[in-house]
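A single structure is presented below for examination.
Order of writing sets the chain letters: A, B, C, D, E, F, G and H. Residues in each chain are counted from 1.
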């Protein structure tokens, strides 16, 4: 645990980050921005994992491994998502959510 | 082929051909309307085989405008100068030969740029060396430009 | 105890660049004309505004990179313990590499590594 | 080797104690930070200027000429003159460009190199941060610089810079992998990622000697990949003069441009010192196990000299590359990475693991 | 105020400000740069927590990998003059209400919940430990996830290649 | 019926156009190339010329024949001597003046020296285009030695105006033979270094092999001459086909190759350098004694008629076409310059390659822009 | 009062009178120490733009090559982008078609910028002064020129000499009163 | 792909790269090969060749006399008008009115060093000067008057017959 900083501080930061991500998810139409919002959300989750690990179970490493796995999945997801976006862009010349309905695959 | 054989052959192909006097080499003066035909024949006939257009120049003889083609055959090594002329200074035009010798495309653009001679069916007849908005044809003998040209 | 050092070095960069730019802004001469603020293209006024017709190669490599980057991250902890763990770690990494190389070979075969 | 006359740990401890005893801990640490900051700022500037000068001289000699020799003795003030001039040069702002990002790009490039310097071990105890993941940290921050290049290229609204930026993006991220994997070979040998630990493990011989063949392969791959990662030498496609005029920094003028210039040289310094640390023993003197007499003599050379000597050696190698080879084309560049370096690297790591498993390296 | 707190407030301030900027910026590349700042600050938090490996991973994968990829795709797909439309007001209000309500509820419950910090001795997180656990097959071993992730990545690679090739 | 070679550029309004030049390090002057890009690939190349069109042909119409000489220096400034010679030979032929043997020998030697200097400059510029910066300095270092020889005899390094109708301006300097021989010895040692540094380098070979292929038909139809044409198997060496000066007295090979890619064009020029040294060595010791100029009237008037003379410059066939009406000024002078035709082929062999290849290809054509624009 | 250039005396330079009048009209006869430092930096690091139109460009290249080695004067870094260049060496003929481009390049250079007219063509039109319809007769008609180097082409030494003249001119300027930005 | 070919390629590549590095490396460790001449330092010893074309000068002897008769042939022959002859009429001792040179104006800024004027001058009055440092700040400084002030025509051109 960290001197002088209660666990709630970290949690508040991650919570706000999480909901900012949700807001971004809702208000933007551009797929890349939506992807960025998702990254924000995942990131806030990661903070939580680590903070819980640090404050509540300091003699274990589970939190760390979960973060590792989340990051790996995030990377895989991002790479496929971007492949899709760029393909969409090549077809429709823009990448807004509206076009998803037209996608063939 | 020797020059005489060439002469014979060419006068066989097209009528109205003249052979002006020239010390160095064989010269033919072609009427403008049979230029394309002669050029094609010269290029495609295996005995003549003029496949290399060395140079294409415009000339202003004051009395008339002319275009001079220097031709060579890479296989037979013979040399020929082909010439066309026109008296029309306002709107001179000839057929293009750029499908026969590709290099002619730019040479013709240059002649157009410098002498104002137009080439029918040329794919891209724009000014080559001068600006697009340049007025006049600089290499003509009657070209004058008091501002840009200091004469001596 | 390390984060303050990191922030310090971060700030050093900011101070160096920021300071120099601000200083330079005050002392350097200024003049404007029309052409100066135009983008440079060998002295020709920029005309076409079409967007770049990009190439699949550009981002395909980026995507493959991301995948491999994750793998690299995972191998590093392995590297540390390889000496201590011995055989187990060796076998695990062989499996891991086998899968990884399959991916690489697949991409290779598919022509994803070829620049078109 | 417990006793080392050139150990800086005691010195830093002493500074720490002196400050702590005279003021409050918070103030003490802030003052400490400021001192460190100033030292590094100075260090950064001096190394950058010297490297620029060195490169000019080296290329001059390679090319049968003198290089700068009229400003000060042997022209050593040449880069200072350049610096003054660049500082006094106008900063041009481009119309239609994204000014915020345009100005941000040099920050990112410089910050990335500063972050890397934080973890470099210059001598025993002379290291700002000794992470236990040291080398991995360096690997991590070295991937940040490319963002600056991408931003610079995009925000200048110029075709040349955009092409340069995209090229360099594809290039840097590709070679990042090879850099990481070739470093991993040494991590496997040393069994630790802590830089000080890695250096200690080379007390009886450098890894390039102890690890013989695979370490040599890793070293060569690291040299190639890091040259590419710093956009230098035969891999300077992002700023290929003869193709893209000045590449991604075409539109930058004055001091902003100078920072890109500086960052290139600092990155070169950083990768060279990583190479020196990982493969050539860092500040560790040249030791051969058993030859105690020679080892003792070697110990008298200060570690900082060893460190900089090795770094300069690697830097010279990189300059030598740059001034010898023609530039690669973008597809060949990526081919080299994906079809040659990466597979070789993976093979090499398996080989290293095998050698470690069997204990066939020189202990 | 201790140095730790100072650092924490600095970093979390960065995170909050820039994450809000990320979703509100109308220029897409700027949004990506803001996101980068958020991620870097997060890794600063990890450093503060003494999870250095996680922090470095955060930099490598998020900042150096995903953000670079995002920027890359932005470079390829959008022009510098491009700006987002301002989103519809109703949309904004709805989204921010959701966000506010959600975060209020969560924060409230966080404040309510009695976290009792563990008194167990803190494990010194060094790389050896992480590596051992990651590679070991026994109890608390993560060897299986380790291999599974490689398969996940293989799948991601293959699908990305297929998708990208399909465009041609 | 022979096949017709066509490559009309079809421009599209939404092509991604990027301008290379007029101010660009790799266009060697003020050539402007309009590249249409698709990613890194170039769809077509439109060369724009005229940024250094100086109206020399017009100026010639108001100059005497002696005065024309100094203008000819200035289009292909790297083969200044050959350009001079073309005009001089033309005037001499028209007047039927027999120039002394000594002049012929000296002219031939100077031609070859000039060709060497020009190829050296091309080599270093080509290396620099491909990013090998050191070649620039090595090439120019060796070139300086030739320039020193020139300067001793002509008083200037680059544009010497040393020919005059009927002969030469001065006799060669007494040191000329000695220094030329020294140079040949020196350069025979240095030329293999060029190979080690660049020709054998894998990176260089990867960059140039198989790039910018030009077939023999294309070369002839586009009138690509000089080393670029000969690399495609177009036997166009004027020195061999229509010998002038002392070329009929020396024994030399016309170097031909049929591969026609960028690397062949490169290799061919290196081989030409060896051949040039052979030619010089054959002549340098046998320069006959005699006058350095034929007797000429101070005011030259060509008889009425049209005259054409071809010489081989370092870039290809150069022709001078003079029309005279018997006055001291010509009616029309037309220079057929090699680079004009050589540049036009760029789109044909360049489109479909990458930006970097365009740089390599245009470098291998060895363009001198004022020679195109005149 | 002379301006010091390493290894060459003030009296050895031509055209000192113009320099003196320049200083007097610029009412900055007294240069401050800061001026000295700044001018030292500026004059010792003039990076040229790679801009060569014809024959003179070859001599400019020769001046950069091993024998003459431009780099000794700190002029090493040829910049291909006008943003980073300090001096525009007009080496070669400028024709009317080129004038807009030359102007644009000059405009795009960052201040302070200098122009050297190298060769007869750039100084006055040179060999193409008479009878040519397309040559600009001297670049000083369109952009302000700092140093004129005659010759056709000038020897590399002449260019180096011209560069030293430019350094002298730079050293005679003051930052508090930079010579007026000439409009053209 | 053939695995041997793969490694063979790598090996060949390294060998060829090493060949190039040997060349540059050789020069790096042999600074004696440097060919640079230090220009402003070697000004004293730097001599141009005797035929060097620096600028056109008019030869004056110790009595400040030259050989130019003011015939104007050089002006006529100069392709680009770099020479202007301004003549003056004076009456000589014999009472005859003759033409002498007043100003032989030479535009260095335009001269192309073609040597025609020197070649054609019937009295060999002009020749090449060795000066090459011409750079000035003011273009008008490049217009020179070749005959020195107060100089006069040499009485008897007592020299070998003209080469031409």
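The rule is simple: a contact is a pair of C-beta atoms (placed from the backbone, for glycine too) under 8 Å apart; a residue touches a chain by one contact, two chains touch by 3 or more.
Being a predicted model, the structure only gives us computed values, none of them experimental.
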Min route length, chain touch network, chain D to chain G, equals 1
Per the touch definition, the chains contacting both chain D and chain H are F, G
Check: interface with higher C-beta contact count, A-E vs C-F, is A-E
Expressed in whole Å, how far the mean CA point of chain A lies from that of chain B is 72
Whole-Å distance, C-alpha centre of chain E to that of chain F, is 62
Whole-angstrom distance, CA centroid of chain G to CA centroid of chain H, is 21
Touching at least 2 other chains, the residues of chain H are 17, 20, 23-24, 34-36, 38, 79, 81, 112-113
Residue numbers in chain E touching two or more further chains are 1-3, 48, 52-53, 57, 60-61, 64-66, 68-69, 72-74, 76, 127-128, 130, 134, 149, 153, 156-157, 160, 164, 167
So chain A residues touching two or more other chains come to 68, 71-72, 75-76, 78-79, 82-83, 86
Chain pairs that touch, by label, are A-C, A-E, B-F, B-G, C-D, C-E, C-F, C-G, D-E, D-F, D-G, D-H, F-G, F-H, G-H
Contacts from chain C onto chain E in the complex sit at residues 2-4, 6-7, 51-52, 54, 56, 58-60, 62-67, 69-71, 73-74, 77-81, 84-85, 88-89, 92, 95-96, 99-100, 102-103, 106-107, 110-112, 116
Per the touch rule above, chain F residues touching chain G in the complex are 22-25, 29-30, 50-56, 58-59, 62-63, 70-71, 73-74, 77-78, 121, 136-137, 140-141, 143-144, 147, 157-159, 369-370
In the complex, the residues of chain G that touch chain D are 6-7, 37-38, 40-42, 44-46, 65-66, 69, 71-74, 76-77, 79-81, 83-84, 86, 108, 110-112, 175
Within their complex, chain E touches chain A through residues 1-2, 4-5, 8, 12, 15-16, 19-20, 22-23, 28, 31-32, 35, 38-39, 42, 45-46, 48-51, 53-54, 57-58, 61-62, 65-66, 69-70, 73-74, 76-77, 84-85, 87, 91-92, 94-96, 98-100, 102-103, 106-107, 110-111, 115, 117-118, 120-123, 125, 129-130, 133-134, 140, 142, 145, 149, 152-153, 155-157, 159-160, 163-164, 166-167
Interface with chain H, chain F side, in the complex: residues 63, 66-67, 69-71, 134, 141, 144, 151-156, 159, 161, 164, 169-170, 173, 193, 196-198, 200-203, 298
